[in-house]
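Two complexes follow with chain A in common, the first pairing it with chain B and the second with chain C.
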Partner chain A sequence: MYQYDQYDHAFMANRVDQYRGQVSRRLAGDLSEDQFKPLRLMNGLYLQLHAYMLRVAIPYGTLSSGQMRKLAEISRTYDRGYGHFTTRQNIQFNWIKLEQSPDILAELASVEMHAIQTSGNTIRNTTSDPFAGAVAGEIDDPRVWCEIIRQWSTLHPEFSFLPRKFKIAVTGSEDDRAAIKVHDIGLALRRNEAGEIGFEVLVGGGLGRTPMIGKTIREFVSQRDLLSYLEAILRTYNLIGRRDNKYKARIKIMVHELGIDEVRRQVDAEWEHLRDGALVLPEEEIARIRAFFAAPAFETIETPVRSYEVARFEDQDFARWTKTNVAAHRQPGYGIAVISLKPTGGVPGDATAEQMEKVAELAERYSLGEIRVTHTQNLVLPHVRLSDMHSLWQGLSDAGLGTANIGLISDIIACPGLDYCALANTRSIPVAQRIQQRVDNIDRQHDLRELSVKISGCINACGHHHIGNIGILGVDRRGEEYYQITIGGRADENARLGDVIGPAVSYDEVPAAVERLLDAYVAERKDDETFIGTYERVGLKPFKEAVYVTD
Partner chain B sequence: MAKVLTSNRLADGAVVYLDRQGDWTTDVLSARLLEGDDAIEKAEAAGRDAVARHHVVEAYLIDAELREGSVYLTRFRERIRAQGPTILFGIAGLKKKAA
Partner chain C sequence: MSLIRNGVVIDDPWIRLDDDTPATPGTRAIVSLKRWKAEKPRLIETLAGTGVLLKSNEAAEEIAGDLSVLEVVAVDFPAFTDGRSYSTARILRERYRYLGEVRAVGDVLRDQYGFMVRCGVDAFELADDVDSADWVKAVNEIPTAYQPAADGRSPLFRIRTDTPQDAWLAY
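Our next item is the complex of A and B:
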């Protein structure tokens, strides 16, 4: 993991002091809310429906056990004993007091964390593959590049007041687990014909009220040129992106209105001034950052691991968990363990202080002290010996963290919705819970195979509903909660926006409508087809007919 | 329609309502139901004063009515804001799942 140096530490201490002064001036009445609001937002503090909410960045989803323990401590000391992992690899605390918020930032700084640029029209936390550095077949470790981007983009003076917020995601694998096609900039590590590693750059993706799939602006940008090219895109956007209308201010609208060819022409013109300047990435600097992410000293383990196979044979529940929650590791004898934060009836993405501490402890014991946060609101222990996997699963199960449902229908993404969010129109969490309860039988869930359900409580789409195999969007219809259902969306390397199936249904009708979609899928599927596979083969009609039956 | 004046307390963000004594309460049932232009104008002045004194963040009116003798907020959003999340959370949510 990246470690702060003396400059980072000094900067963070200074930043906390500044914020403490700003808060005390606000409480004393020397700053009005209008003056103070942008200052608190720059430090991740929102005023939500019930209280202040603090959004803490988890850079590219990477946490140490020590950091996780600190998050648990913060939740217990300053909040109500739990935290919410978000769809952008951050964590939110929902019941924060303004007067205590400087102390929280000081606590975070003590473990090299902060809440800078988790709000505002800035470059937000760069997100990445939660399996980075662990998964087989990776072209390069995306964390190296995320950290370089983080250093470039943090408090970048030119990009602190962009037309709108700006999100970057990086994947190092062909299988995209970072949803790069729905980010303002998506970076995919690629190897060119000469065998050099660089980046395919996509631009103009995004969800929200105008969802768009990102377009390739450049097939290959070398490592040396990464920052100058990003700077050229951001500068072009900063100059010509719209500031007259908040809803048309994201770069996706600029790309849509100008066309990718014209955007490319303008970015290239800008890049000409920049590419051989101060932003050229020296090889020694790349090597310095890369060293922080060097592979741990894995043991040489003979495979197959007999104790693992025996445990799977003897313990059906464990076997089921390994089927969905364990991914292949690049190192023989190891596995990547995904910890579900989606037990039936729970709040997707929530973890109590005790659970966070348990994960920290298990990561220390079994995963070299490393934890990842996924954009699907789960946690990952990236480096677990297969011989330890059964003990890990038992430890997780004791803490209510052993649910075997990663990628299945109950692994639902849901935004906080109207239960917490000041922007929401409808609730999301209880909708997720009701769907989970409807399909609670785990054998049935496995039978339904891979199937993503994503729920947003408003058009801002924090629940990524556009890219769910089943997407659910809450809309306010004369004060009543209604939900528009889309199907056919997907978030992976073949990202696609879902299609609306028909009129919105009421809060009470959602679980039955989903059930009918499932019935239609099971009736139509062939062989080992997944829900999305069936949809792509047969189209909307049978699903639509199933939901809007009139009997 | 009758109104209630609401805000968030500056120091801790708590949801508060102007009550019958002109103080700010976290208990919506103690909120003052404002009927008529005069009552609303006076409440808004109290809100501006509380903002100026840095006690609350920003005060605004919400729709309300009297139901069975109690203040009832007519908008769903405001009822959730008054009562807290409709779902169990934190350790309570965990206990419910275990039950």
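Our next item is the complex of A and C:
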């Protein structure tokens, strides 16, 4: 993991002092709420329905055990003993007092964390593959480049008042677990014909009111040119992106209106001025950052690992968990363990202080002290010996963290919705819970195979409903909660947006409507086809007919 | 209106001339881009010094050929949330190597001051009731720079690797 040097520490201390000053000017009445708002947002502090919410950055979703313990401590001292992991690999605390927020930032700084640019019209936390550095076949480790981008974008003086927020995601694998096609900029590490490693750059993806799949603006940008090319895109966007309408201000609208060719032309013209300038990173700096992400000293382990296979044979629940929650590791004898934060009836992404501490402890014991947060609101222990997997699972199960549902229908993404959020039209969390209860039988869930359900409580789409195999969007209809259902969305390397199946259904009707979609899938599927596979083969019709059946 | 230039509060030697007011010979005046384009030779002849105001939707390219005769380029922030002029200021400094005054006007707030300085702005029109000493303090709140910009500050990646900085950055 990246570790701060004296410069990073000094910067963070200055930043905390600056924010403390801003808060005291606000509390003294020297700043109006209007003047204070952009300042607190630069530090991730939102004013929500009931209280202030603090969004803490987890750079590219990577945490140490020590950092996780600090998050637990913060949740206990300054909040109500829990935290909410988000779809942007961050964590939110929902019950924060303004006057305590500088102290929280100081606590975070002590473990090399912060809340900078988790909000506002700035470059947000860069997100990445939660399996980075653990999965086989990566072209390069995306975390190296995420950290380089994190530093470049931190308090960038030119890009702190962009037309709208700006999100960058990086993947180092062909299998895209970072949803790069629905980000303002998506970076895919690539090898060119000469064997050099660089980046395919996508631009203009995004969800929200106007969902768009990103388009390739450049097939290959070299490592040397990465930052100057990013700066050229950002400058072009800053200067010509729309500012007349908040809902048309994201870069996806600029790309849509101008066309990718014209955007490319303008970015290239800007890049000509920048590419040989001061943004060319010294090789030593890249090497310095890369060294922090060197592979740990893995043990040489003979496979198959007998104790692991025996445990799977003898313990059916464990076997089921390994089927969904353990992914292949680059090193023989190791596995990547995914911890579900989606128990039936729980709040997707929530973890209590005790659970955070348990995960910290288990990560220390079994995963070299490393933890990841996924954009599907789960946690990952990236480096677990298969021989330790059964003990890990028992430890997780004791803490209520042993749910065997990763990638299954109950592994739902939901935004906070009307229970917390000032923007929401409808509730999301109870909708997720009711769907989970409807398909609670774990054998049935496994039979339904890989199937993503994503729920947003308003068109801002924080629950990513557009890219759910089943997407559910809450809409307000004359004061009543209704839900529009889409199917066929996906977030991976074949990303596509879901199709609306028909008129919205009421809050009470959602579970039954989902049930009918599942029935249609089971009736139509062939062999080992998944829901999305069946949908892509047979199309909307059978699903639509199933939901809007007239008795 | 008071003016901070290079961290010092001074009396503003410049006047703002709207498009309908005749230029008084011997004065130093800042005019709109439109007027500058229409009356360039006459303004140069009449005025003791000329500056141009770029609105946030007006590009630095528009005056690229005139920068040697312009002593001031004012860049507008119609609302603090409109960040276009940060880019304009950097383009003036870094692309065109403009050495005259780049002045921030409009909704210029204490907490954006540091960003503006980094982008090459060296003069700031402030409302009369602000505490200018406090402003000067604001610019030093975050001495660290993670990225190069137009203020000549070495980005951390150069300090760390001790590699020399391009000379032109210290304009």
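We adopt the following convention: the second predicted complex is superposed on the first by the 551 of 551 C-alpha atoms of A that agree within 3 Å, B and C clash if a C-alpha of one lies under 4 Å from a C-alpha of the other, contacts with A are read in each partner's own complex, and residues count from 1 in each chain.
Everything below uses one rule, namely that a contact is a pair of C-beta atoms (placed from the backbone, for glycine too) under 8 Å apart; a residue touches a chain by one contact, two chains touch by 3 or more.
Because the structure is predicted, anything quoted here is derived from the model rather than measured.
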### Task
Superpose on chain A as described above, then tell me if chain B and chain C fit or clash.
fit
### Query
Counting only touches as set out at the top, which of chain B and chain C does A:451 meet: first, second, both, neither?
neither
### Contacts of A:427 with chain B and chain C, given as first, second, both or neither
first
### Task
Would you sort A:170 into first (chain B), second (chain C), both or neither based on which partner it touches?
neither
### Query
Between the C-alpha centres of chain B and chain C, what angle is opened at the C-alpha centre of chain A, expressed to the nearest 10°?
80
### Task
Answer with first, second, both or neither: which of chain B and chain C does A:279 touch in the superposed model?
second
### Task
Examine A:80 and indicate which partner it touches, taking first as chain B and second as chain C; both and neither are also allowed.
first
### Query
Rounded to the nearest angstrom, what is the minimum C-alpha distance from chain B to chain C in the superposition?
19
### Message
Give the list of chain C residues in touch with chain A in this complex.
### Response
59, 80-84, 86-88, 90, 94-95, 109, 111-112, 114-116, 118-119, 141-144, 146-149, 155-161, 163, 165-166, 169
### For the chain A and chain C complex, residues of the former touching the latter
5, 7, 10-11, 14-15, 17-18, 21-22, 35, 38-39, 121, 151-162, 227, 235, 238-239, 243, 273, 277-279, 281-282, 284-285, 288
### Task
State the interface residues of chain A toward chain B in the complex, per the touch definition above.
26-29, 33, 47-52, 80-82, 94, 96-99, 343-347, 350, 352, 354-355, 400, 418-420, 427, 429-430, 433, 479-481
### Message
For a test of understanding, state which residues of chain B touch chain A in their complex under the given definition.
### Response
8, 10-15, 51, 53-54, 57-58, 74-77, 80-81, 84-87, 89-91, 93-94, 96-98
